[in-house]
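Pasting the structures in now, so scroll down.
Look at the two complexes coming up: subunit A is in both, with subunit B in one and subunit C in the other.
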Partner chain A sequence: MDKKKIYPWYFAVGALVFYGALFVLPGLIGVGYSFTNWSSYARDLAWVGLDNFAEIFSPDRDYLTYIKNTLWFTAASTILKTVLPLALAVLLVKEVKGLALHRAILYIPAVLSVLITGLTFKSILNPQYGFLNQSLRAVGLDALAAHWLTDPTLAMWSIIAVDVWRGTGYVMTILLVGLLSISSTYSEAAMIDGANAWQVFRHITLPLLRPTLAVVIVLNVLYGLKVFDIVYVLTNGGPGHRTEVLYTAVFSEFSRGRYGVGTALSTVMLVVMVVAGVFMIRVLTRNEVQE
Partner chain B sequence: MTAPALPRRRRPITGWTVAKNVFAWLLSASMLVPLLLIIVTSFKSDRDGQTMSFAWPQEWNPANFVTVIQKGKLGAGFLNSLLYSSVGTVVTVLLAAMAAYVFSRRRSRGNQILYLVVVMGIVLPINYVALMKVMQLFALNNSRIGIIALYIAVNIPFTVFLIYGFVARIPVELDEAAVIDGCGPIRLFFLIILPLMRPVLITAAVLGFLGMWNEFIMPLYFLDSTAKWPMNLAVYNFFGRFESKWNLVSADVLLTAAPVIVLYLVCQKYIVGGQTVGAVKG
Partner chain C sequence: MTKKVALLAVAALILAGCGSSGGTDGTSTTSDTNTSGGAATTAAVTPTTITLMTSQGWIKDSEYDLADRFEEQTGIHVEYQVVPADQYAALLTTKLNSGEVADIWMAQADKFTIVSSLDVANNAVDLSAEEWVGRFDDSAQAQVSVDGKVYGLMVWDVSDSFSYIYNATIFNELGLTVPTTFEEFKAVCAALLAAGVVPIYEPVADGWHHPLDFFNVAHAYNASDPNLVTELNNNETTLADHPIFQQMIEQMKEVYDAGYWGEYAFSDEYSGLNQALADGRYAMAVMNMTAVQEILDLGGTYSSPTDFGVFPSPYVDNTVIADTPGGPARFIYPKSPNVDAAKQYLAFLAEPDNLQYGIDQGYFNALPFSGLDMNYPSWMATAIDQYKPGTDTVYQNDVSYLNAQWMDFAADLSAYLLGDMDSATVIANLDRRRTEQAEAAGDPAWQ
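Up next is the complex of A and B:
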């Protein structure tokens, strides 16, 4: 059988054209542009070498803080969105009536657009009229009512909290699928041998769940590094850039016409992500080509 | 009316079990409270709607929805979203299916590299600034066709990945038999393979549609004129103008979320399965 004839190359052309022109091409020329003074006000495009990167990594500017914020958001949200759903999944997997219904409800935030979630919580967290502060005042806890999104020390935590609300059900569902695929004979055998619940979890459940956990962590990390919508809607990087992350910084450079710096920031991000990406592809494709 | 109990050993109901079930409900409630809050608030009058609370509306005010649709340009937004998402989904799924099929069936060195390059797109970040340059180059900036093309480009990687895994499970013997019977490559694919891909195509289409419907960052960068805005951007803009009128904001948010919630209720199996199975299959 002539495979070249039966599976012709032109079948792949459509997908490759869209992907190549609007994903790969910008990625490549973006790296090139990050070495230029490209902007909406400079008349001629000129090569400026590493100037943009020098600006980004200069201690006098705020870009390093944005990178730090991004990494901080990624680390905190990844840990919370792994540990919390894991605890919930292990807790709920047995003896809960109507688990399917709970699962369906907990999954809802994962299908809503981040924008909708963001706007909803922006209303809830409004310092004067929002639901949270209103409720706190109603039960006499006025002292706890805070400026959730405008207090410099709280803002990032508020964003992380909303993101955890959004992501927990999704991650928990993945982990539940993983947990349910583990045969209960292992844990039953261990129980007969006198293992307690913690030992079963530590030495049986956790090792068997490891591949699933790896995927969850990688998904969380990639999401965290690329985070934009939720930050943009809740605080737009404020107050005073306290919650500015890489992608919101790129957007504000873009809005101000400082394209060179914006694309250089994207290049920095690309480098960070390639490292994470290679790792993720390994995890994702490992399970799937054996057929 | 109760069905006769099945003869099986009952576990004794312990305090622990009760606590667990209560906890499960509290957890579900924490997901539902914001949604209920939005629903209740969306019916309040302007005076009531200045604060956001569970206080029952003093008068029910469904007129909010009419106001919102008129002032928030939700009708146009809905049609735009529908156009972008449905055209984008159909083209993405078709092109991805064809590519994934060839990549999976003919695993030459070149094809394997191409597949890897495409799948890398799942994780790599998009350089939006440079993308603007490319969009200008192709005269796609601020155009409906442009935004659809972008949605396609961005959704190709995951869709190819999803379908690629499925194609491997369709027996090659089918292809061979069809070719011996005189089937050409195009008829083989469209008449034999494509119908067999149905389950994965539905999953891919539902996920793609959902993703495109929820897309916010692309139109924010590349659609300047309000007439072309999808629902998401319309609601964001509305929020900026009416931030203190929670009743209107809630009605707007509710109407924007409604199509997604309906889609979720109808296609839950495909959404949850599709989004999670890729992660745990093994």
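Up next is the complex of A and C:
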């Protein structure tokens, strides 16, 4: 490596100062507050040690259920938002009629605001007047008409489905770029050697797509762990507490003026995300060749 | 060396840029001038605009008319910052804590919340010396006062209360009478359901509505123990110590499980309530007595004043419509540069003629000030006469640390109705949250 070609360290100082001041420092201050009794009720801030964390992990409280819900949402949405976009990307990487149109249609949900998506689906999924149930009833499938967002057993699945609908196009676009960067000479050579389409995908496309898949999975997992907006708009954690996730709980704590507990919850999630992020990047990129 | 000079030059430019931005800002407002001190004092400059932060639905059209008149008289424009209702409480708390609230801010006031979460002693101006305080009704005044000092102005009809509005025509057709006990209530619901009418419109989706019954049956709670409110506020007892609270929500579940809230209660919204009653699909709902007029205005199947009547929530055999002395009130932020102008506006709103204007325009039936002509519609006058003796107050206004946990209780109640939580846990959670708030606030009764 020619060290003369490496830029000097102080080129990064400006960016590091801004990043540190705007991201790292507030984060650290937040972590600090999680060890205090910060609330809208108390005028003086006092150190309470691990009390807020003890409350979060207490079996008497529901926070562990919210963490479980968050992990469940993350796992399900990550799998679906990786497999489905991958299938669509593989289909849309070929020369098909109206290729750009197909890609654009699939990408459109990603540019809509979550609020608009949420309100629209809230209307579509209304059990009485919603488009989905009305359509099912119109074709005689009354038995399939359900309380999509208010049935405790269905609500989380409905949120995941809406999230997948919204995120598929975005992930598909990233994967398309990855697929397009793979030279067709590899697959052509394999075909000449007698490989079928599945074998080409399994042994050539997938390994070469691994760095892109790593990015997609990390993005999906981190998004899932900090999900808030789509849950807030569709169910606000209900019915009851069935779809409550960690960040709706954080919002609820802040609304009640219990800022110390709220920041402690955020701190727990920060640790989970850092550990998950580092672990995934290491696992998913372990066989990559570093230039 | 050249690199170091260049870096220093860039740093100097950045610093110079930061430093000059404030000084060259030609858009500084009158408020900025007022806060700068020195020669430009508050008294010397009259602001052209004051801001008022409010939740959706708290400002009636009559007040917008009055604000226009105020501007004509004084040259001061009132800028309303209207926030969606479901976001208001959280936003207000955040703004108060960050010191970025409007000149006048509004809050759902009760004598406990203004101390515990709104901290009006520090976040609001003492208005005790204002002329209108002398005309302000005592019970409403108590909801915006701390240690004898009045901090807020409440232009709100506190004589109204949430109660059961029922379709009297449907009741008469089915030979039903107004229930006075829980058993009679269930019998009425069963008869309505058998006749193909959904008994109760309960919009659970909004989150805030379905707990109303729990707080409204204050008379039944107080009848079970006359010292209950005092003991709860002194931390001498808990809600869990009194079976009536658990019994109350168990009765609610009984009604829900029987299907008396209809199939779609969990997705029904408050905005659909008036229409549901106007076309007769539903026979009853918990709502403000004043709001019956909104049903009549829809001109549906049932649009005559005689089509509707009022009765108290009959859970745990309650027979009284409790008073609701709290309501949205206006407070002036003490660090505002426009305190005098804000006081001037509140004094203008509280002028007898201007208060009467809101009543005459039909936005209020009554207001908590002496010397005004009230204007109750027939159904409300009858209900007040029959069921509202003024002996009891809704529990969120009478028992400390309940109002602030309304939405948490609502979520717990939903979980209980769905079978995800038991009734004892719902009540225990109410006690736990009261303790958390009281301890955080340093309430002497919890020390």
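To be clear about the criterion, the second predicted complex is superposed on the first by the 247 of 291 C-alpha atoms of A that agree within 3 Å, B and C clash if a C-alpha of one lies under 4 Å from a C-alpha of the other, contacts with A are read in each partner's own complex, and residues count from 1 in each chain.
Rule of thumb we're sticking to: a contact is a pair of C-beta atoms (placed from the backbone, for glycine too) under 8 Å apart; a residue touches a chain by one contact, two chains touch by 3 or more.
Remember, predicted model here, so these are calculated numbers, not experimental data.
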Subunit B versus subunit C as contact partner of A:Ser40, first or second or both or neither: second
Which superposed partner A:Ala110 touches (first subunit B, second subunit C, both, neither): first
Which of subunit B and subunit C A:Val227 touches, first, second, both or neither: neither
Partner chain in contact with A:Thr150 - subunit B first, subunit C second, else both or neither: second
Residues of subunit A touched, compared between subunit B and subunit C (which is higher): B
Which superposed partner A:Val268 touches (first subunit B, second subunit C, both, neither): neither
Which of subunit B and subunit C A:Ala89 touches, first, second, both or neither: neither
Subunit B versus subunit C as contact partner of A:Asn126, first or second or both or neither: both
Which superposed partner A:Ile67 touches (first subunit B, second subunit C, both, neither): neither
Partner chain(s) touched by A:Val245 [first = subunit B, second = subunit C, both, neither]: neither
Common interface residues of subunit A - those touching subunit B in one complex and subunit C in the other: 126, 251, 254
Partner subunit C, residues of subunit A touching it in the complex: 10, 37, 39-43, 126-128, 147, 149-150, 152, 236-242, 251-252, 254-258
Residues of subunit C touching subunit A in the complex: 7, 89-90, 93-94, 97, 116-117, 119, 122, 204-205, 207, 263-264, 266-267, 404-405, 407-408, 411-412, 414-418, 420-421, 433, 436-437, 440-442
Interfacial residue positions of subunit A with respect to subunit B in the complex: 1, 3-9, 11-12, 14-16, 18-19, 21-27, 29-31, 33, 88, 91-92, 95-97, 99, 101-116, 119-124, 126, 129-131, 134-135, 138, 165, 169-170, 173-174, 177-178, 181, 211-212, 215-216, 219, 222, 225-226, 228-229, 233, 247, 250-251, 253-254, 259, 262-263, 266-267, 269-270, 273-274, 276-277, 280-281, 284-289, 291
Subunit B to subunit A touching residues, read off their complex: 11, 16-17, 20-21, 23-25, 27-28, 30-32, 34-35, 37-38, 50-54, 94-96, 98-99, 101-103, 105-106, 111, 114, 116-135, 138, 149-150, 152-154, 156-157, 160-161, 165, 168-169, 175-176, 179, 185, 188-189, 210, 213-217, 220-221, 232, 235-236, 239, 244, 246, 249-250, 253, 256-257, 260-261, 263-264, 268, 271-272, 275-282
